[in-house]
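Quick one: this structure, given as structure tokens, is what I'll be asking you about.
Note that the chains are named A, B, C, D and E in the order they appear, and that numbering of residues resets to 1 at the start of each chain.
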Amino acid sequence: MTYVRIVWAHLAKDLRLEWRSKDAINGMLFFSLLVVVLFSFAFDPTMAVSRQISGGILWVALLFASVTALNQTWTRELRHQVLDAQRMAPSPASALFLSKVLANFLFVSMIQIVLGPLFIVFYNLRAIGQGWLMLLVLPLGTLALVVNGTFFAALSLRTRNREMLLPLILFPVSVPALLAMVQSTTAILTGESDPGLWIRMLGGYDVIFLTLCLLLFETILGAE
Amino acid sequence: MTYVRIVWAHLAKDLRLEWRSKDAINGMLFFSLLVVVLFSFAFDPTMAVSRQISGGILWVALLFASVTALNQTWTRELRHQVLDAQRMAPSPASALFLSKVLANFLFVSMIQIVLGPLFIVFYNLRAIGQGWLMLLVLPLGTLALVVNGTFFAALSLRTRNREMLLPLILFPVSVPALLAMVQSTTAILTGESDPGLWIRMLGGYDVIFLTLCLLLFETILGAE
Amino acid sequence: MSSVVNTTHAVQLHEVSKLYGSFAALRKVTAEFAVGKCYVILGQNGAGKSTLLRLIAGLIRPSFGICSILGSAEAGTMRHSIGYLSHASMLYDELTAMENLRYSARLYEDNSHSTTSLWQPEQVLAMVGLDARLDRPVGKFSQGMRQRAALARVLMAKPELLLLDEPFSNVDLASSAQMLRVLAELRAARKTILLTTHQPELARPIADFICTMHEGQIVSLEPAQSPEGRSA
Amino acid sequence: MSSVVNTTHAVQLHEVSKLYGSFAALRKVTAEFAVGKCYVILGQNGAGKSTLLRLIAGLIRPSFGICSILGSAEAGTMRHSIGYLSHASMLYDELTAMENLRYSARLYEDNSHSTTSLWQPEQVLAMVGLDARLDRPVGKFSQGMRQRAALARVLMAKPELLLLDEPFSNVDLASSAQMLRVLAELRAARKTILLTTHQPELARPIADFICTMHEGQIVSLEPAQSPEGRSA
Amino acid sequence: MKKTLLIGLPISLALLAMGFYQAMYVAPTEATMGNIQRIFYYHFPSAIMALLFPYVNFAASLVFLATRRSNPLRAQAADALALASAEMTLIFCSIGLATGMLWARPVWGIWWTWDERLTSFLMLWLIYVSYLLLRRFTAGGQTQTLAAVLSVFAAIDVPIVYMSIRWWRTQHPSPVIGGGPNSGLDPSMWPAVWWNLAGWFVWGVMLVILRYKLERKRQWTEQESALQALEASLETAR
């Protein structure tokens, strides 16, 4: 119970900060909109293959949007050395991590809710496979991105070239997740293959890495 | 002469800061490699159409890479309010801008020098059109990205969500440039049409926007 | 080195050194700080005062030597009873002082270790002389107001061991006096206080011991000229 | 308001107000600061001292009123002769003090406006009592060392008008004395100095005038008790 | 260090020379690919080595994480081993990639294909580059801890990568040999394989030991010079 309350305290703080400077979320939304438009410039959506590449486009756009957002997650903890206060607080470190994951999950989900329909409109998509499965793929994929992203953002927090480092360590480790996202999305959109395997893999990836991150976060935060 | 010396002073300072954290360059190189790999995960390069979409992929990758880099250009001026010192200095503001553009141009070019060959290898490309024209398209395109990117990074500097805002402003304004880059690259790679018009358009875009930015930068910097 | 009567010690340092590269910010510091006393740490710029406090706070680890806090030599076990005020405010610029305090309170309350309850945010803001109704975010405070809000955050958890790095810098005289009264009360309640400052005359009234640092060493640790009543 | 003999004025403020939202940080301030004098600005936390200095420095613009600097009411024309020390260091953390100064020098030198040459970085570091050979980046300085390096940057351009926001905070006593000697020399060279502080006793020896602020207004601007020799 | 070199260098050089002789002169020329196939004798051992050393790195990192508080000295040693084996992984991985690509160009007509083995091998390379980059980007006391944590992530990620790559793009025909490793290898080629494998193994282990000792020495001199600086400054203070 105490743990839940502490997670909530962290989360409420983050949401309030975000709310106060609302434009973060506005910005992310607009960002994703632009990405969709831009991509349809770069890749002619009327092409026959557009259905095949649109899964990739969706997730690459989301990946870059989240990296930009994730980089900022911890930045506010760095100003005025608030992070030192976090390190000194007696509350469990993993609660801090969990709350950040939740907050980021909320933000990226919000992007998706806008990006999804736009995508469908611009690319004239209609799922040939089981469309409702996307409701499973999207949250699972987002969680995969966000869990590792939040963790590695914390890891690169006190290094030189913070913002540079995050994608460098996040991308290689996230490859299986990205692959699973793209493949299951494509499978659903084209209906050519069964996304089941990929979705189960995403779920497994989420569970494994969330556990790992929760276990190791204390170590990361405590590192001098 | 004085102007050139001041530009050089700014540039030397930036290069020295960059050099001090030497790995920035390494990071950039690795980053571009990652981007290519990720993109080839997301967009199957073995597809028959890959030659048609690779122009778009190359530039979108570059765009994301430069946004990540550009976001950081001004960050170091913000810490400890160095920017206030810059605003108070009697040296011309446009010199500061020019030096930042040069520094960013160097960095993004460096990314390209790595990204280009990698792209060719991973996507198995061979230009059917006049390949040497790429040596014109790449710098011109980069300059277009960098000039506007640096300017808008400065513009969005003291707004709250700095990093989010940049792509928001940068993308719409860059659309003509992006279009020209993508089209000329595709024309060169497929040899199906003449890239001449697009290249001239890129050149014009560069000249116009560089002039505009140099003229307006003082205003931007001085804004309270 | 110190001539403290052997009560339990709040902080014991044994040959503690802190190196940054080949530069020694702390050099074989051996000292004991007794529970319930107020130590005023003086010394030139760069003498190592902040480094010492950060080390005791557990934010940096000694390169050599042992540092035990409130009887425990293991880092992190005594977090709930250490309060540390640094040069930086450790507050969120976008939240008001009240919001900052409420958030911080959550991280310290309901903790199985500590049985004492916390101060109410209103109380502690009054203690440092800030108006609790002020709805301006901390980022728009003046330098001195921010410093006082930072102190409020530290005091709220009612820590046993207070580490205050230049608490009076940028604070006006009236507020300094107010803060001193609070510190005097805390000392009376047998909290241990370690405090650095460049204005010794300000801190003298509450000082039990004056500790002088020079180039990474404690060169003297002596009872203050006017120890108020209580036996050292 | 002021009883300054009418020399040319370094700064003239006419009914200057600065609003943040509906909060007035400065309220109809009218004042004149004479060339070659040293003004010590006192006042509580949040009185508006920093706001006043930032306004004179041209970093923020008045909401109402006119502010003219060294005879020019247009912002930015007098940049080469204003030096401003803020709460922040305005230095690059990754460069050493020398490198920071050399860079800054480039931005001020060879300027058609100013004919006076700059100080050498070594000289100016010696003036504030920092070792020029120190090859540590500024980010790793102690708080007081950083403050002194920041002052060095400001002094280097030999500005006519010096705006110093709490230059002595976090600085040890010996260095404060050193800095005061430098300021006294500058005053002797007829530079104008505006200086805020919460340690009036420190600044008194060089003060020509004491200016007291309260809630966004200048409530008094009086000759200092012991004006050293020179006629006000 | 000298001893390692004295023992390791001759052995590995001898083995490698024998391997070279076997590969170039004794082993028969492959029927379809011709002499270019001889790259195989260098490609295969380095690829195998690149799959071996990550385990060393992982184990060492775990030891570091477990003992960094209780037994700092052992932790330091573990960290040195982790670093050495990571660098060795990267070297062999790069050799494997390079020889593979050099081979692929004449045989398949392309430098690269997204075959499962190639892709997962590339991922391994990427992960270890990011590991070493992290080590360079961080300063002071945190480097070792952060790197060890990343190493744990890598170790858990690599099998997942491998699995997912196997499932990936199975639809697409790829121009790669179908069979498993060594499927169609002529018995007369085996000696060359074994000699080279042994040679590269000894070579790799020797390099790891050397690098380990070098790193230990660096740690040691760093500590020593720090202590000396400390003592020296204490002297002048008196």
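Here, a contact is a pair of C-beta atoms (placed from the backbone, for glycine too) under 8 Å apart; a residue touches a chain by one contact, two chains touch by 3 or more.
Small disclaimer: the values here were computed from a predicted structure and weren't measured.
Chains that count as touching both chain A and chain D, per the definition above, are B, C. Think of each touching pair as a link: the shortest run of links from chain B to chain C has 2 of them.
Each step here moves to a touching chain, and the least such steps from chain A to chain C number 1. Of all chain pairs, the one linked by the most C-beta contacts is A-B. Comparing the centres of all chains, each the average of its CA atoms, the largest separation from chain E belongs to D. Residues touching across the chain C-chain D interface largely coincide between the two copies, over half of the numbers being common to both.
The mean-CA centres of chain B and chain D are about 40 angstrom from one another, to the nearest whole unit.
Note: centroid distance chain A to chain E, computed from Cα atoms, is 32 Å. Inter-chain spacing, taken between the CA centroids of chain C and chain E, is 49 Å. Among all residues of chain B, those that touch two or more other chains are 21, 23, 27, 30, 34, 37, 44.
Multi-chain contact residues of chain D, defined as those touching 2 or more other chains: none present.
The residues of chain E that reach two or more other chains are 126, 129-130, 133, 137, 140-141, listed in rising order.
Chain pairs that touch one another are A-B, A-C, A-E, B-D, B-E, C-D, C-E. Chain B makes touch with chain A in their complex at residues 21, 23-24, 27-28, 30-31, 34, 37-39, 41-44, 47, 49, 52-53, 55-57, 59-60, 63-64, 67-68, 71-72, 159-161, 163-165, 167-168, 171-172, 175, 178-179, 182. Put simply, chain E touches chain C in their complex at residues 140-141, 225-227, 229-230, 233-234, 237.
Those residues of chain B whose C-beta lies close enough to touch chain E in the complex are 23, 26-27, 30, 33-34, 37, 40, 44-46, 121-122, 124.
Within the complex formed with chain A, the residues of chain E that make contact are 65, 123, 126-127, 129-130, 133-134, 137-142, 145-146, 149-150, 152-154, 156-157, 160-161, 163-165, 167-168, 171. Residues of chain D that touch chain B in their complex: 57-61, 75-76, 79-80, 82, 84, 86, 88-95, 99, 103-104, 106-108, 110-111, 113-114, 137, 153.
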